[in-house]
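My structure is below; once you've seen it, I'll send some questions.
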């Protein structure tokens, strides 16, 4: 047993987090072995982080996570630690409300990360967010505490930040919340990338309408239903314990 | 038995409507658990509406519908009622010819819904319609009778309306008619979104040619053949009683 | 037996033509039950034409074709005749070298059919053709001899013609030739639609280079190898006697 | 046994190279029977080259390669030799460090090959390369030593060269290196083609950041992990000895 110290509740949560990794892969967040998710540990300045050298879709259970403290020291787990651990430690440090942090490379959000323009409501998906900040300070890999702190500052109090010419980082108060944030962000970016390409004269809703939409759709009930939907979809397509590989 | 009051004809029709839901999912109308279809009840100011918390592709039979009256009261069915029921009640009220109403989020039509431009005949698909009105009054969720009435006014006497920065609503005199309207609309929007992106100098047919095309292709015979085709495709790919999940 | 008069050689050729229909479906030419192929009959002013009410991918063998004369009279076959039979009769009449005629709606070629611009060599695929004429006289369905003759004039001595805002018609001296022409044309149009969308400053090869490329790639050896490749692909994916349905 | 002279190490390497061919097919490099890879022979001015008349995805093992010398003479192997052998001989001649050479037609890189613009870092993928030269001297098939030499000059000391309006040639110091170069290049081109289409005002990282990214990501450790990932993906999707056919 790789983690004798792991309690049942943590083991159950890491099973859910593994499912979240595979759902992200299914929904277009996979990019070879790149990308990682983490869960705040139940006590202390530590978090469970997806191991490296495996794709998001290959994460099957608790053994695919390693325990890392906020200084980057690996405390448990037989897998390796991704070099971008400061993304996670610094967001957990800055945001006590956050339980789950993720950094991924979904295709359309990555393309959109090169845009010096705000996210626009081509469809309702952008109104899951209203705004998503763009982090431009450091767009190479985030491998130091200072770089992680700068990213956490760009994230601010929101749930997602676009990393210029690189990818996205997002977070949530629960596993379903964080996973849905990531999926909704990629949907919104896809709509804008494809819509902007069409070059249409566009019509966008006013701010007041956008805020109304935001209140209607970004609710715990909606992300619970959506999470449940993605769990059923994952099981129907791939079963519950099979590695999956994106279509890229 | 959840609906003791349901007659055999209704049960058979709801089975067909469920098939229509899955065909829409297969053809790109699915968006998580969002989107809904309804069938006018055989008597009274009521309609059968897809239950909430399930995707279009998860609708398998009569038990996946709930009976709702034109005031939004749920009369039968164990599932929940989507909050956007006034889309259905108000179109049934305004349009005695309509038997089936649908609201969905097909990707290309949703992107096109941000365009302040008319649908153009890049391909013949736009000529299933000639024009499709764009509803701009209220582009948040449609949750009140007034909002539903405004949408019904925008629909007018046609079979489809684009809801700005949101999605589409479409309807028909039969299940095959309504389903084909939805599929044809998404095809037309996809052609325009991709075609407009290319930025070509374009050549479009004159109005008289478009009207000739409309008469040639938007016929009961064509949508019957198309509906039969989609039924065969659904069965060949997924069988007759399996939930399906779009590729998004 | 539906065709007692059919000889073994014809039966064998119609089996190949059926395979060609399914290969076209696999390669993106399918559009519900629309589209049709034909083979010049071994004697007389007649041709075997795909029956209607079935998709290209549902054509499995000789029984899926009907025998039609150049006046549009159905001489044999239990299926129905597509209304656009004059496309076939008039090209067979005008072009004694042609053995196979096809009219389909491949997505990118259909989008490109709205462009008032020539096909350009973004990739080598356009140099299978050098030029493809665009037929603009009549872009509704082709249902009369006069309309078919006008289309045959636009085709001229080439192997393909783009029908404005509608689709493509292509032909060949053999089944492999015609099928490859159709596939190569869709590839070329896809490259141009996607490439033009990018809006790059482009660099295109000079005419002399294009002609050299044309001679290198549009050869009987190449389309024989390509046809054999598509036959292997079809069998590997779908077997030899199964209806297939495009991904649209 | 077709190659009595083949030693065990070569046989093992050709098995790996065959796997590389199938991985390239899986990742979008396949184009009918076009495209070819080669491995420098362990001694002498010779190389093992994929046989012709088969797609990249149909290359299953050592018997699918032919031994060719730098004058284009086929020394062993029962398959046919692609006419573009001088791509391989002249790069092996000019670049003693190179062990593997490939020429393919991946869709987005082919589209990008028409662009008279440099590769830009919409995402990190372009920084696997920083620059990729564009070969414009001869963009028909490369069938002579002079044409091969000109291409080798355009390649210079890099790992990839874009062949204008045609495709790409890439190489590496090992099979995993070369295959990853090809995959990373197609990813970078896809990001740019789709990103440029959106027409966004863009923000690109400065050269110093790009060089930092290049050092972080273009490492033997990363391409080893990526190669291992693609091997697992290939096996999970298609097994270890099955021909595969791209989705084109």
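For reference, chains read A, B, C and D in written order, and residue numbers begin at 1 within each chain.
Everything that follows uses one rule, which is that a residue touches a chain if its C-beta (ideal position, glycine included) is under 8 Å from a C-beta of that chain, and two chains touch if they have at least 3 such contacts.
Please read these numbers as outputs of a predicted model, since none were measured by experiment.
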Reaching subunit D from subunit B through chains that touch each other, fewest steps
2
Between subunit D and subunit A, is it the same set of residue numbers doing the touching on each side, over half shared, or a different set?
different
How big is the rotation relating subunit C to subunit D when the fit is done on Cα atoms? Please round to the nearest 5 degrees.
90
Measuring centre to centre with C-alpha atoms, which chain is farthest from subunit C?
A
Quick check: how many Å separate the C-alpha centres of subunit A and subunit B?
33
With chain centres defined as C-alpha means, what is the inter-centre distance between subunit A and subunit C in Å?
46
Could you tell me which residues belong to subunit C and also touch two or more other chains?
194, 197, 199
Building nodes from the protein chains and edges from chain pairs that touch, which of line, ring, star, complete or other describes the result?
ring
Which chains touch, pair by pair?
A-B, A-D, B-C, C-D
Write out the stretch or stretches of subunit C touching subunit D in their complex.
27, 120-124, 187, 190-191, 194-195, 197-205, 209, 212-213, 216-217, 225-226, 228-230, 232-233, 236-237
Under the touch definition given earlier, write down the residues of subunit A that touch subunit D in their complex.
32-33, 52-55, 58, 105, 107-108, 110-117, 136, 139-141, 143, 164-167, 192-194, 196-197, 199, 243, 245, 248
